[in-house]
Structure formats: structure tokens, C-alpha cells
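Here subunit A shows up in two complexes: once beside subunit B, once beside subunit C.
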Partner chain A sequence: MKKNRMPVLKTEQLKAFYVLYTFGKQTVIKAVNNVDLEVLEDEVFGLAGESGCGKSTLIKALFADINPPLRLFGGRVLYRIKDQEINVTSLRAQEKQKLMWKFISYIPQGSMSILNPVRKIKRTFKDFLESHVGKQARKEALEIAKKHFGELGLSLKVLEYYPHQLSGGMRQRVTVALATLLRPKIILADEPTTALDVVAQRGVIQLLKSLQKRWNSTVVLVTHDMGVHAHIADRIGIMYAGKIVEVATKEQIFKNPLHPYTKFLINSLPRFKDKTIRETIPGNPPLLFNLPSGCPFHPRCPHATELCVRQDPKCIEVEESHKIACWWVDGKNREDS
Partner chain B sequence: MAFVKTYLIPRLIHYFLVLFLGLTAVFVLPRLMPLDPVEEQIAQYQTFGAYIPPEQLEQIINTLRELYGLKGTLLQQYTGFWRRLFTGDFGPSLAQYPTPVSELIASHLPWTIGLLSLTTVFSWIIAVLVGGIAGYYRGRWAEILDDIVMLIRPIPYYIMAIICLIFFGYIIPLFPLGGGMGIGREFSFNLETIRNILLHGTLPALTLIIVGVAWQFQSMKLIVQSVRAEDYVRYAEATGVKKRIIAFRYIIRNAMLPMVTQLGLQFGFIFSGALITEMVFTYPGVGLLLYNAVVKADYNLIMGILVFSVVAVATSILFLDLLYPLVDPRIRYK
Partner chain C sequence: MAKIEKIVEAKSLTKVFSVGSRFLSTKIVAVENVSFYIRSAEIFTLAGESGCGKTTTAKIILGIEEPTTGEIIFKGKPASIWRHNRGEFMRQVQPVFQNPFETFNPLRTVDDLFFETVYNYNLVQDKDKAVDLITEKLVLVGLSFGEIRGRYPSELSGGQLQRASIARALLTNPSLLIADEPVSMVDASLRMSIINLFKDLKKKLGLSIFYITHDLATAYHVSDRIAIMFRGNIMETGPVEVVLTEPKHPYTQLLKDSIPEPDPEKKWDKQIKFPEIEHEEYLRSGCKFAGRCPLATDKCKSESPKEVRIGSVTVKCHKYEQR
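This part shows the complex of A and B:
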């Protein structure tokens, strides 16, 4: 692991909630709740957690794609561009438009349907290029797309097709190609392999990894598939109920998980030659509009104490490059802080 | 040519089947009426007090039956009906005896087609563009536009037509009160005549466009609202694709597809004329012709117009089906 890398993407006390009104009753869904996150340059940062824990919402917030009913309730999202930190949440729409896709790009969940069904792939590429590059490049849009497809090892014929003529895996690769056309510094990928079989999954993951290596860019990868994380992530963040509960390197997470939730998560993974029945986490994930007091994991945690019920732990570094948010670490309650 | 074999031929068979059934209905329906047109006609003569001797009466009845195509058994009538269709002979008009029905339709059809094809196309284009842009941008002006449309929409068409007529024809006499062109004018290709025709057509066209735009605007706006929530639109927006590009190539382009179907169907109805428009503005189109035919119980003429209308609707749907892949590449003929 390379040392002294700068964080290229940072959040501070980020709060992004969904506000819903049903029959005059207001419901606030705390999907991203006080998240402090640092993503370094030239790394693959994996984000894991069960369904409905706020992974996708966090990615949306990182991309500053905050539209009602999602609202920003506080905190900042910072991009580091040429050694300058820019708070995207306070940028005007026009300035943001310049950064999106060029500096930071996004492969959304269910990205099979992000291509306009009645436009050829090459026309979609042209539409995106037209909005982001100068007049000169507009004429060469097709050339740029072709070159990029060549680099990614995709067939040039694909450009002439409509989305419905492609297989799921191919469509996913085209979306990766579209998202990385301008060599963005940061690529946010939200479940890029869902709905693909393992062979196609591997193809897409390897494509992402090779792009990241070639351009030294940063990939933030969301998936609940720990196998994918083990495969390509450098560091992993574990999310639970809208919070990051543990951040560490891949090795630390898999070999030495500290947070009780992470421990359950890692222990639930099947292993070769191990035929014992996997243990599951007792209870159910909390409802994001009705969170328990204190640490949101305490109702399911075997080590919960009175402190856990009362107070929400902060995410604190406990050893090198290993942060966790838990009052109970290594078998004892932390009395400080 | 898999397309011809697996799609075109079955589709054409389907088309001819529809024509056959539709035209058969045109033949059957008048015969289900409890009134005998011939007896009606005779009764009409007799109410005028004319005395008709029995042998003459027999002759008149025979002639009338011949004219109406009511001679012989039902089967003979039916085969006769088809024979006449293929020769394009619908018999003479009864009200404007002895002008042939085909000639009457031919003289009225250009007016209707001229007026309705223009207004249909224009109101469609305006509605798709304005509805698409208003539905996507949703500014203050879009709300005002929406309110205006909401006000116009519920006004019954005939009231709208009469208001326009009174306002722009009578109170402010900008346009003539009716007719297709100035009285006593012969049709010829010169600037003056064309200007005159356009002047007469403006008011009927205006009312048709206002009403046409209003309802199509609303349906377009609704379709746009669902298209703008599609993933490809949301993604293009999030990644900073220019709004103008999204509005035209993503929103309007995709929301247009159901509207194309609507346009195709409307084209079929052109041939039956715009009944109320032509009545209010005494515009010499097929609608007015049909109205007069109904009022005067001109059976031959009614049947002629119905035949035209059935063929036109079926044909336009056929064309729509065949041309649809041009606008939606997802449609494939297996």
C-alpha cells in the first residue's frame, strides 16, 4: 500500500435525509447520518453493508446529486481538485455541471437503464461529450468514443447498436465506458455487478480495476457482495443504519474485524472446507425513520451496555488505518472520549 | 425477405379482413333500420299530395330500389354492393340527383384534407414541442400556460367555434363568416384565389388548432412527467448533460412515441371530415356533406362517405404500423 496519499474525496458530518409527506404526516428517513469519510487518491474504496443501510444514498450525496425527496441536512462534501478543497454542496449548478462526469463520474444502481432506449450508443456518447468538451472535440466525438472503446477492449460495433440489442453484461460495460470517457479522477460505482452472472461480474470488475490502475484514479465501489470487495478493494468501509461503523484496509477487515457488526458480517461468509453452520446476526436491521437511541446497532449487539443505549459512538482510529465507531473494542468498554 | 413473409403478408391479410368486416358493416347497418327508404320516399311524395297511379308507383319503387341498391335478395344486394365498390361507383346522390356520389365526395374531399391535414399536423407539432418543453422545464411560464390550457380544455368545441366566429368574423370582421372561398369564385391557381382560400380557412383552422393543441398539450405533459423520471434522464441530468440536449433528445424524443400513435389515428379520421367545424363555418368539406346527407336521408351518399372513412382509418393504421419502427427502433418485426 502506498503511503502519504491525499484524500481526494471527503465528507464532514454529512447528513442526507429523505423527507416524505404522506397524508400530511412527515417522515424523515435518516439514510446518511453524520458520515465522516475520507477516500484517498489512487485507491479502490469498497463500501459494504446490508440493503437499506444508506450506501446508495451516500454515493448520491458524494456525487452531489441531491434531489427531493432527498435533502441535505448538514455537513459538507469536499473534492480535492489541484490541491484545493472544493465544497460541492455549495457550488452553483453551472460550476457543478463542469465537475460532474469530468472530475467525478457515477455508475448508478440499475445502470442497465441509464442509456436512452431509442438512441444508438454512439449518439448517447455524443450527447454526453457535447455537454462537456469544447467545440473542436464535438466533431470528433465519435473518434473519442471509438478510441475509448478500443482502450477498454470493447468491440467498436457496439457503438452502432441500440441498448436493447446488447446483453446485460455488455450494457454494463458500455455504462462503465460512458462513465469513464473523460478519465475522471473519481469513479463512483453503485452495485455495478448486480443482476449479472459471475462471469459477466468478473468482466465488469476487472474492467473497473484496470481503468483505475491505468489512470491512477479513485474508485468508490458499493456492493453487498463481500467477494467482490475481497477481490478489488484496497480499503473497505462498513455501513450500518446510515453510519460508517468501521473503516480499514481490506486485510484488516477480513482478518481482524473489530466492530461487532463487521465481525458478524465476516463470520457469515462461507469458507472452503468449513462445513459449520454460519451464524447470523440476531434481530432485524433498524428502520431508518425510527432509529434506536445511542448506537444504532445496540439492540442486536451481544456486547451492548448501558452506554451504548445512551450515546452514539464516534468513529475513532484505534490502530493504524483502522477506524471504528463502537464503545466496545477488543472486549472492553472504552472509557475515554 | 423474412419481413415480408412473417410480418407484411399476415399484416396485409389482417388489413383486408378489417376492411371486409368494416365495409360489410356499412352494408348491413342501414338494412337493420326499421324504415324502408323506398317507402319513406314514396310516403314523402304522397304527403305532398301527388297522386301516383299504381302501375307508375310500381315503376317508381323499382327504380328507387335500383338506385338504393336494394334490388334482389340480400345476397344479390351484397355482391352488387362489392361490385359497385370495386368500380368506385356508389350510385347517384339522391338529394342532388343525378350527380354521382363519387363526384360529390371528390369535390368535397380536397377541402377537408387541406384543412384537416394542416391543422392536425400543426397542432400536433405545437403540442409536442410546447408540452414537452413546459413539462420538462416547469417554470413560472409553464404554470401559466398550463392554467390557460386548463381553461380552454373544458369548453365544448362548438361553443369555441361560435365564439371565434362571432368575435373574428362579426365583431371584428377580420375573416369571412363562412364558405371555402368567396362566393362565385372559380378555383384557379393564382395568388388571389389562394389568398382567398387561406383567408376562409384561417378561422376554422384556428379553432381546430386551439382545441387540438389544448388536449394534446395535456397528454404530452403527462407523458413527459413519466419520462423525466426515467433512469436515463436522471443520469443525464446528474452527469451534467446540457438541459437543452436532454429536453429535445431525451424528453421530447421519447415522449413523442405515444403521440405518434395518436397522430396516425387522427389522420385516419381526417377523411370523415370535421363535422361541427364544417357546419359552423359552412366549410364545403366532407363533414358538411355527410351532415346534409343525413338530414336529407341521402343513403347512397352516407354509404359512400362511410366507405371512404372505413378505408382511410384502416389504411392509416396500416401505415402507422409499418412506419413505427422508424421512430422507435425497439419495435422489430420478427
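This part shows the complex of A and C:
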């Protein structure tokens, strides 16, 4: 493992809430609540959690794509570009646009449907290059696209097809190719394999990993499939009810999970050659507009104490590269401080 | 040995769809000569990648699609006879769908749908008895009537809704449940609780479940027997422990190898071949998997393999034919 890697993407006490008005009543959905996150260069950072825990919203915020009804309630998102930290949330729209796709790119959820169904794949690539590189790229567009496809090991035939002619896995890999055309430093991928079967999923994951290795870029991968994380991620962040509850290396998360929620999550995974009934998490995930007091996991936690109900724990480093937000683990030390 | 009752039997089902205009149509064989049976109190899994004809098979069993050739035999009577008694058939065979948020009408409360099922099938006469019946079924899946009364689908979590959807299917005391990807929309943490629920229902009610999935890890946990489907053909079928621990067919081997196991020490090292265009594989003559198979020979590309029985497993592959 390489040492002294710099964080390339950072958030500081990021708060992004959805504000909705229904029948004149205001509802605040705390989708990203006080998130401190550091993503290092040249790594795959996996983000896991139940659906509706704010994973996708966090990715949106990292991409600085905060539009109503999503609003920023505090905190910053920092990119590190050429040894300078830039606060993206304060940038103007034009400056932000310059960074998009060149420095940071985003593969949204259900991205298979981004391809225009009545245009050939090559036309989509042409349009993309024209609007992000400039008119002069028009002539070379096809060449650039071909070169890129060759590099990713995709067949050049695909450029001549319409999206509906491709299988789901192929379409998803074309989308990955499109998002990485300008060689971004950071690739944010939001559930890129959810709708795919295991074989196609393997193809997409292997493609992402090979890209990351070749260009030493950073991938932030969101998926609720812990098996995928076990294969590709270097570090994993576990999210629960809008908060990051545990951040550690892959080995630490799978071998030595500390947070009770992570423990349940790892224990509930189905494994081969073991047909015993697996323990599952009791209760249901909390609603983000009506969070319980204190630690959001306390109604489902078997170790909850009075302190958990009263106060929300901070995410603190307990071992080397292992951060956790829980009163139960190492509780005594925390109460003193 | 007592005779084991086959609750449903599919006999060489074939379903052909035509794609394109009336004159320039190509024929896609979505399901090709598929035969299998489900015993009573058994969970049978049909697994395969997306677009392999799993859902079409389920629809044929439910009677939503008519097979082009072949027939379904349910409880000893062919589907053509059951057609005259559709109500009774629907009472016995109930579906559970993939997306619980689409199963329930978002503009109506969840209990509304329960009452509707009770009245449609004329299960009980008055409202108090209906509430008792609904409560009884909800308790089976680990919910209570209070949790769904007056609530809209958007107010419940995916796991709760999927449980409610299973409870609704149980109202008519069915003997076969057709579950089409019931856990793919449910969170990883709640997925296992639904899987455990299926096992529980099988044991308590003697229910047969036709479980359709692409997730082999859950299939391994829940099912008794499994069939692996690829492009409309069943490639391998047998007891789940045998099929998934010692896969015989190259496709099953690829599938098993591609399951991301939650173990950080296991990694994929091989790069694999992918289809670029789905149609090509459907239209391929001979073995459908020949284009991607590492062991493919000329014979595989021209001739369809026959089913070969090896021990408790049936495989459709030329590799095993000579023996």
C-alpha cells in the first residue's frame, strides 16, 4: 500500500437537506447530515448502506450538483487540483462546469438510459466531445472515440449500433466509456451495476477497476452489494440515516467490523456452503424526515444505552485508518472527553 | 417410498415472439423446449441472467402468456381444463412481484388492496372476519394489521411492503407462490429476512415456491432444486447443493465464478467474454452459449446439445454427451 497519499476529495461537516412543501407544510429530509469524508488519490472508495440512507444524495453533493429541492445547509466540498484546495460549493456555475467531466465525472443511477435511443452510439460521443472540448474536436471526434474504445477493450463495432441493440452490460460499459472520455481524476459511480446480472456486473466492475489502475484515478463507488465492495474497494464507508457511521479499509470492515450496524450487515450476507439461517437486523430503517434523537441507530441497536438516546456520537478514529461513530465501542474513553 | 406429488409440471414449453414489422419480422425464441416440475412443499429456483426468458416462463405458468407449444399441468390437470375454472386456478397460484412499490397502487392505502382481494375471491362474508383473516396472514410474515391500516405505500419501507405483498398473496391459501425476483429491490440487510420468511412459509404451510432470481447466493440459501437458464434453454438442473458446488455446465461455472462473494481475499483474475448484441445469441443455431464458451468446438456451433443425466443433475452440453 502506498503511503502519504493526499486526499483528493474532501467534505467538511457537509449538510445537504431536501426541503419540501406539501400543503403549506414544510418537511426537511436530512439526507446528508454532518458528513466528514476524505477520499484519497489512487483508490477505490466504496460507499455502502441501505436504500434511502442518503448515498445518492452524498454523491450528488460531491459532484457539487446541488439544486432545489436539495439545499446546502452548511459545510464545504473541497477538491484538490494541482496541490490547491478549491471549495466547489462557492464556485460560480461556469467555473464548476469547467471541472465537470474533465476533473470529476459522474455515472448516475440508471445511467443506461442516458444514451439517446434514436442516435447511434458514435453520435452521442460526438455530441459530448463537441460540447465539452469545443468545435475543433468535431473532425477528430470519431478518432478520439475509437482510440478510447480500443484502450478500454471494447469492440469498435459498438459505435455503429443504436443503444437498444446492445445488451444491458454492454450499454453500461459504453456509459462508463463516455464518462471517462476526458480522463477525469475522480469518477463517481452511483449503483452502476444494480440492474445487471452477475456476469454483466463482473464486466462493468472489472472495467472500472482497470481504468482506475491505468490512470491512477479515484473511484467513488456506491452500491449496496457488499460482495462488489469486497472485490473492488480499497476503503469502505458505511452510511446510515444520512451519516457515515464507519470508515475503514476493506479488510477491517469484513474481518473486524466495529459498529453494531456494520456487524449486522456483514453477518447477514449470504455465503456459499453455509445454509444456516442468518441473523438479520431487527426493525426498519428510520425515516429521514423524522430521525430519532441521539444516535440514529439506537432504536434497532442491541447495545443502546441512555447516552445513545441523548447524544449523537462523532466519527472518531479508534484504530489506524478505522473511524467509527458509536458510543458503545470504546465508550468509556469517549465520555471523559 | 411414498409418491411425491408434482404440484406443477411444465412439458416442453416453447414461446416464440416476433420482433419487427409484419413482413420483416425476426423470430425470437424466448423459451425453448423447457420442461421442469415443482413438488409440493418445495422451493424451486429458476436462475439466469437478465433477458434469458425467466419472466416469460413465470408468465406462462400464471396463464398470462400462452405458450406457442407445450403445456402446463397443474395438480394433474392441464391448463386448458383449468381455463374453465380460472378463479380457482388464481386462488391456488399467486404471484409476488419484483418491485413492491409497483405492486401497490400509490394512491390507495395498503389495507385497501387486502380487502379488495378478500372480496374479489369472496373469502369471507363480513368485515370483522376479513380483518381477522388479514391479521392472521400478516402475522405469518411478521407484520401487524396496525402497521398497514390507513398507510400509503410510500409510508412503508421496501422490506415491509414486500412482506405485505407476500401476505396478500397468502390470503387465498394458495398452494403455489410465483416469486419473480422478490428480493432484488430490497436492501441487502433486509434481503435475508425475506429469504428466511420463504423458508419459514414452506415449513409452516407446506407451500411450494417458484423462485425466480439472478442472485445465486440467495438461491443457494432458499431453494431445494435449481434450474439454470440461458437464452431460453435450461442448461443445468438438479439439487441446489450439487449444481452450485460442483457446476458441470460451462455457463453455470461462469455464473458461479462471477458471484461477488463477500470475502476480500477472493478476487476475479480472469477476464471474460461478453455478448455485444443480445439478438445474436438468441438467433444462434446449435448451443446458445457457444459464442462465449471456452470449450466450444465446431459441433457446439452447429448442433443443439441434448440433455444428459449425470447422477442427480441434468446437463445440456456436448461435453458430457460422449460418455
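Here, the second predicted complex is superposed on the first by the 325 of 337 C-alpha atoms of A that agree within 3 Å, B and C clash if a C-alpha of one lies under 4 Å from a C-alpha of the other, contacts with A are read in each partner's own complex, and residues count from 1 in each chain.
Rule of thumb we're sticking to: a contact is a pair of C-beta atoms (placed from the backbone, for glycine too) under 8 Å apart; a residue touches a chain by one contact, two chains touch by 3 or more.
Everything numeric in this text was worked out from a predicted model, so none of it was measured.
When the two complexes are overlaid on their common chain A, residue A:Phe128 makes contact with subunit B while staying clear of subunit C.
When the two structures are aligned on the shared chain, A:Asn290 is found in touch with neither subunit B nor subunit C. In the superposition on chain A, A:Gln206 makes contact with subunit C only, while subunit B stays out of contact range. By the touch criterion stated above, A:Asp65 is placed in contact with subunit B alone, subunit C being left untouched. Of the two partners, subunit B and subunit C, it is C that touches more residues of subunit A.
Of the two partner chains, subunit B is the only one touched by A:Trp101; subunit C is not. In the superposition on chain A, A:Leu115 contacts subunit B only, with no contact to subunit C.
Contact with neither subunit B nor subunit C is seen for A:Ser90 once the two complexes are overlaid on the shared chain.
The intersection of subunit A residues touching subunit B with those touching subunit C, taken from the two complexes, is empty. Contact residues of subunit C toward subunit A in the complex are 48-51, 157-160, 187-193, 195-196, 199, 214-218, 220-221, 244-245, 254-255, 258-264, 266-268, 271-272, 274-279.
The touching residues of subunit B, counted against subunit A in their complex, run 230-232, 234-236, 238-242, 245, 249-250, 253-254, 257, 327-330.
Interface residues of subunit A, counted against subunit B in their complex, comprise 63, 65, 96-101, 105-106, 108, 110-111, 113-119, 123, 127-128, 130-132, 162, 164, 179. Here subunit A touches subunit C in the complex through residues 50-52, 155, 157-158, 161, 165-170, 195-203, 205-206, 224-231, 250-251, 254-255, 264-266, 268-273, 275, 277-278, 280-281, 284-285, going by the rule given at the top.
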